[in-house]
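Below is one structure, written out as structure tokens; the observations come after it.
Chain IDs A, B, C, D, E, F, G, H, I and J follow the sequence of writing; residue 1 opens each chain.
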Amino acid sequence: MNRIEVTEKIITAKVSKGISWASVARQVGLSKEWVTAACLGQMTLNEKQAAIVGEIFELNAEEQKWLQVVPYKGSLPTTVPTDPLIYRWYEIVNVYGSTIKELIHEEFGDGIMSAIDFSMDIRREADPKGDRVNVVLSGKFLPYKSY
Amino acid sequence: MNRIEVTEKIITAKVSKGISWASVARQVGLSKEWVTAACLGQMTLNEKQAAIVGEIFELNAEEQKWLQVVPYKGSLPTTVPTDPLIYRWYEIVNVYGSTIKELIHEEFGDGIMSAIDFSMDIRREADPKGDRVNVVLSGKFLPYKSY
Amino acid sequence: MNRIEVTEKIITAKVSKGISWASVARQVGLSKEWVTAACLGQMTLNEKQAAIVGEIFELNAEEQKWLQVVPYKGSLPTTVPTDPLIYRWYEIVNVYGSTIKELIHEEFGDGIMSAIDFSMDIRREADPKGDRVNVVLSGKFLPYKSY
Amino acid sequence: MNRIEVTEKIITAKVSKGISWASVARQVGLSKEWVTAACLGQMTLNEKQAAIVGEIFELNAEEQKWLQVVPYKGSLPTTVPTDPLIYRWYEIVNVYGSTIKELIHEEFGDGIMSAIDFSMDIRREADPKGDRVNVVLSGKFLPYKSY
Amino acid sequence: MNRIEVTEKIITAKVSKGISWASVARQVGLSKEWVTAACLGQMTLNEKQAAIVGEIFELNAEEQKWLQVVPYKGSLPTTVPTDPLIYRWYEIVNVYGSTIKELIHEEFGDGIMSAIDFSMDIRREADPKGDRVNVVLSGKFLPYKSY
Amino acid sequence: MNRIEVTEKIITAKVSKGISWASVARQVGLSKEWVTAACLGQMTLNEKQAAIVGEIFELNAEEQKWLQVVPYKGSLPTTVPTDPLIYRWYEIVNVYGSTIKELIHEEFGDGIMSAIDFSMDIRREADPKGDRVNVVLSGKFLPYKSY
Amino acid sequence: MNRIEVTEKIITAKVSKGISWASVARQVGLSKEWVTAACLGQMTLNEKQAAIVGEIFELNAEEQKWLQVVPYKGSLPTTVPTDPLIYRWYEIVNVYGSTIKELIHEEFGDGIMSAIDFSMDIRREADPKGDRVNVVLSGKFLPYKSY
Amino acid sequence: MNRIEVTEKIITAKVSKGISWASVARQVGLSKEWVTAACLGQMTLNEKQAAIVGEIFELNAEEQKWLQVVPYKGSLPTTVPTDPLIYRWYEIVNVYGSTIKELIHEEFGDGIMSAIDFSMDIRREADPKGDRVNVVLSGKFLPYKSY
Amino acid sequence: MNRIEVTEKIITAKVSKGISWASVARQVGLSKEWVTAACLGQMTLNEKQAAIVGEIFELNAEEQKWLQVVPYKGSLPTTVPTDPLIYRWYEIVNVYGSTIKELIHEEFGDGIMSAIDFSMDIRREADPKGDRVNVVLSGKFLPYKSY
Amino acid sequence: MNRIEVTEKIITAKVSKGISWASVARQVGLSKEWVTAACLGQMTLNEKQAAIVGEIFELNAEEQKWLQVVPYKGSLPTTVPTDPLIYRWYEIVNVYGSTIKELIHEEFGDGIMSAIDFSMDIRREADPKGDRVNVVLSGKFLPYKSY
């Protein structure tokens, strides 16, 4: 048994039972972004969180233990994602990558925006010309320092 | 002559003159994100915008014309970016890719978040534990429809 | 269980029963292009469509549920397709790619032809020198706008 | 000197003189798709066509000779194109590739749609919800035969 | 079930029964090149051919049906083949590729040698210094035409 | 100076002077396949051959010396060739690769068809349904032996 | 002008003048690891540091400005480094990667060892069986937190 | 059975029993770095070590034999690791690679730091601003010699 | 069944029975290099050799037949091998590749050293500073000839 | 200036002056393998050796200094070499890689054959059936040790 098998079991249960990620997040008591990432094998749950998720998706004790093991991360099957929704994000990084770099350095100096001390919030933004996806990313700025 | 040479000339002028992207954007009268992307060879300026940018970076008439030609887009030299700041964004897409896909589909159904009808806003978020980079992405949702 | 297994079951049933895509499309009441793509795991069916497809290919209730889940898209096993028929399309994009870009930009300005708000129609075109494949692609033009 | 240099000279002249592909095609007397592809280094012109193109873009005798040499074809700088407009076409081949294969085989049997005995027509399709790009591809069906 | 499984079953039967491709071709009544390619999952048999091949390799009715379905072609597990015999052919294309292109264009003009309207004949060529492999390739020339 | 520069000079001279490979081969007194490969930087000429080629393409003494140096071989710019004519050959190796392997082994046992002790002959084959390209490849069979 | 040209000028000056990295670091007053990385185009100097480095390597005012611009980082020409010394480090990551991951997670929980809030110290470790390279890496542990 | 299956069995047992690598290392009597690497299929145990590890993870006699067979090494599923913790190490090699090379050569001359005659020590380094991961690498310097 | 499964069975039997390659080679009566390569699925055995190998590793009649089928060769799972021992050989080809090419051409002219009419002998070379691996490679020189 | 330019200058001088590597090696007083590798930019010369090589190839003082700088090693332009002579060596590593690994481990245990404490000797081996290339590789065995 490994984490990938637990993830597949969660996804299969989600489809057959018609569970929504939003409801899982409400029961766990955290954001839907973090909880979904955890269920998809990208984050590590603590014992209590694993028990809640385990009950929702009918996972046994060993499967719940796997949810508490730090996973090997990375959720894409190919270097350049083929799925159109995910590719658009890769395209944003590709087209705007140098822009993002320039503007963060102009504001903060040399360093990075952390992908660890990081949170994401995805919401619907009503718009008469067609609703929009609104995403807020917040990552701590980590400066390079000389030593 | 091609657009890449114009981009290089802009960057060289920016360094030697100490111009900031924020000041360029103010003069053009648009967001710093779009203006920087345009100066870096990813967006197309109109004649008036090209004239303003041309004056700032001392571009001649032919170089200004190139700013009005639709460029071949993509600002990264490798499929997986090596620069740490840009890589963190690739990592976000890699680690959170399946999460983003699940949550947008849960809210909107099958479709994508547009990277064309799209805007980005990068700001400093003050934080006593260390300032953060706050990024808002807004893209129109485009549904797949049967036909 | 996952969508790939459902797709494989559909293909196996198609071969053993001798079902044609055209007849599936007629029963679903939509174009053969969209219906085939959906059966091959690239589009999302609604409940009623899934029931019709499920009856044709003898899918059980859970398998029909998978047809209603947004799939991870991309139908090619390699970055450059090895199959001669599909490669010819990759070659068209490779040889004519810059031409397509130039002509769409000349007509519409900066932007893209959508692959989401998109339809395709494949027909036989009788020709005394050998019949031809006639394909009509229709995609909404989405302009880049400054912001 | 090589064909790539001639192509670059044509593109540079096009930008500085503000020439449109449509007007070049009219002067050559052929479709804008074929003429643009030829100017971009993907097709071979005859002597008379090369003379017309040469006059438009101010090419000398040797440069005109290069337009009559069969070029090494392929207009994309990377295996997966990064430019958003061209990528959408790659995505169509990726998402619809197996569908196209199934439907052509269902209609014609084993074989391919030629990318050589082939023509393309790109037009604006007026639409109140936003104009569309309409593309017609026509390629001869070439059957595999046993021997 | 899929075509790959049928191919594997054919190869396993061939080894355990000691069948030669030449004898299969004689029974089918076609060239050994085409028949072997078909048995290896690269060509499509008609019903009668499938029945003969099915009898030789003890394939059931459903497996024979798969022989009549157009396969996804491409017989190499890697982009550059590692097997020494097949690599030598890749090397010929690599070393002589530009030569082949020049000489076919010199004789025929712009176009290609078809790999569809194509046949191959592999024979032993006796030679006192060591026998040789003699291969004749015949492919229809398909010209690019302007339109 | 290096061999690649000499090759480029030969190609440039060929275009500007309108020289045919067939005439070069006649003057060298060898097959057009070998002579073209040599001029394109894939084979090594002896002093006398280099002098003849040098005179035809107006190469100086040092450039003629480079023709006598064993080149780094491989004439394709990418692993999978993008040029349609050369790709068709790659496709033949891909689709027929396992067939070629099976049939040569069936006739000769374990070993390879040499790409060194090798010759190629490309000819026009008249055909009322459209002329064909006829290619004869002849390579010595080299057996693997146990030791 | 760009940062890569400044790096090349520094390296050329270093060879022709016989300057050691250790002496550069002493003059800058920081570690040899950080100073060398900065001179090789991977870190950003402040104005005073740039002036010192500029004087050592005879850089003009504009070149010194480039040292103060955040560079596009990544010092390897290929994804897998071919240089034996650098490859050994890639091999350590490859062979010990899963071990490093397990032990850091066992000690700290889910998170990463920062490559930004990071320092490195390379020293000679005398050893009678042959001196050793001793490297101390120190990176802040950054925990993933739920949100 | 193969080594990979034994590694998977060890990891599964570790999760279900809640064993720590530190305790395994104490029982084996060697460093946690080497012992973890060995359990993860990267090092070779002797009979006695295999017996201890076998008892901890409940491996049978044949599985213990596999621990004593030299494994095919390399613990990463992709050339560029996607897991954020391991990627940071790849990034260190990428950003600091040329620096490491320069400084080792400056101190030792031409040669490498061995990845075979090598040891690693990973420790927690308490720090009021947040604890750090401290890693000491020690590899014998191996000089290139002329011959 | 296929050759890979037979290879895996041989390796599994080797580990569980503690068989050495040297003893297998003695029983077969050939070099340990060729016999090991054959057992690892890279060479083709005759009936008598297969019977001996079959008895040693307890292979049944069908498995012995597979040893007599020419295998698809290539023993490495990745293009650049990750295993340190095998990588060192790749590194030798990479670092010394151009040297090997120059020296063989200087001695023999244009051609190759055969990897088919080839033998290898690996021996221990006692050395007071540490024993060495001594490898003798012998390959027939095959000249390119003009034709 | 960099080492690559010095290497190119050496090769150009070698061709125009007709110098042999064997004569360079005799003057340097070392093996032809090491000296050729050094001249091709893979090894580091000392001052005296650089002076001898510099005189032979007419290198100035600065160019001689570059010969004394440790180069970034790796002499192949592509991961899999396209040149037939060098490819045969890659093929030997690919086909015999697992064999080499097994036999060295059987003789020496876990460890590697050094590519640093390494020498190579390439000689002609007269043979009535065609002369052979005889290569002796000698590399120190470096054992992995537990710690």
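Simple rule for what comes next: contacts are C-beta pairs under 8 Å (C-beta built on N, C-alpha and C of every residue); 3 or more make two chains touch, one makes a residue touch a chain.
In UniProt terms the chains read A, B, C, D, E, F, G, H, I, J = Cyanate hydratase.
All figures in this text were calculated on a predicted structure; none of them were measured in a lab.
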If a chain touches chain H (Cyanate hydratase) and chain I (Cyanate hydratase) alike, it appears here: G, J
Chain copies touching (chain B (Cyanate hydratase), chain C (Cyanate hydratase)) - same or different residues, decided at half shared: same
Farthest chain relative to chain A (Cyanate hydratase) (centres taken as mean CA coordinates): F
Chain whose Cα centroid lies at the greatest distance from that of chain B (Cyanate hydratase): I
Whole-Å gap separating chain A (Cyanate hydratase) and chain H (Cyanate hydratase), where each centre is the average of the chain's CA atoms: 29
Euclidean distance of C-alpha centroids - chain H (Cyanate hydratase) vs chain J (Cyanate hydratase), Å: 31
Centre-to-centre distance between chain H (Cyanate hydratase) and chain E (Cyanate hydratase) (centres being mean Cα positions), rounded to whole Å: 47
Geometric centre distance via CA averages, chain B (Cyanate hydratase)-chain A (Cyanate hydratase), whole Å: 23
Contacts with two or more other chains, residues of chain A (Cyanate hydratase) listed in rising order: 33, 72-74, 76, 79-80, 82-84, 91, 94-95, 101, 105, 111-112, 114-116, 142
Chains that touch, pairwise: A-B, A-C, A-D, A-G, A-H, B-C, B-D, B-G, B-H, C-D, C-E, C-F, D-E, D-F, E-F, E-I, E-J, F-I, F-J, G-H, G-I, G-J, H-I, H-J, I-J
Residue numbers on chain E (Cyanate hydratase) that touch chain F (Cyanate hydratase), as the complex places them: 20-22, 32-33, 36-37, 40, 42, 73-76, 79-81, 83-86, 88-108, 111-115, 118, 120, 122, 124-125, 127, 129-142
Footprint of chain B (Cyanate hydratase) on chain G (Cyanate hydratase) - complex, ascending: 1-2, 62, 65-66, 69, 72-74, 76, 79, 115-116
Partner chain B (Cyanate hydratase), residues of chain H (Cyanate hydratase) touching it in the complex: 80, 82, 84, 87, 91, 94-95
Partner chain G (Cyanate hydratase), residues of chain A (Cyanate hydratase) touching it in the complex: 30-31, 33-34, 38, 43-44, 49, 70, 72, 101, 105, 109-112, 114, 116-117, 119, 142-147
Complex contact set, residues of chain I (Cyanate hydratase) against chain H (Cyanate hydratase): 8, 11-12, 15-16, 18, 77-78, 80, 82-84
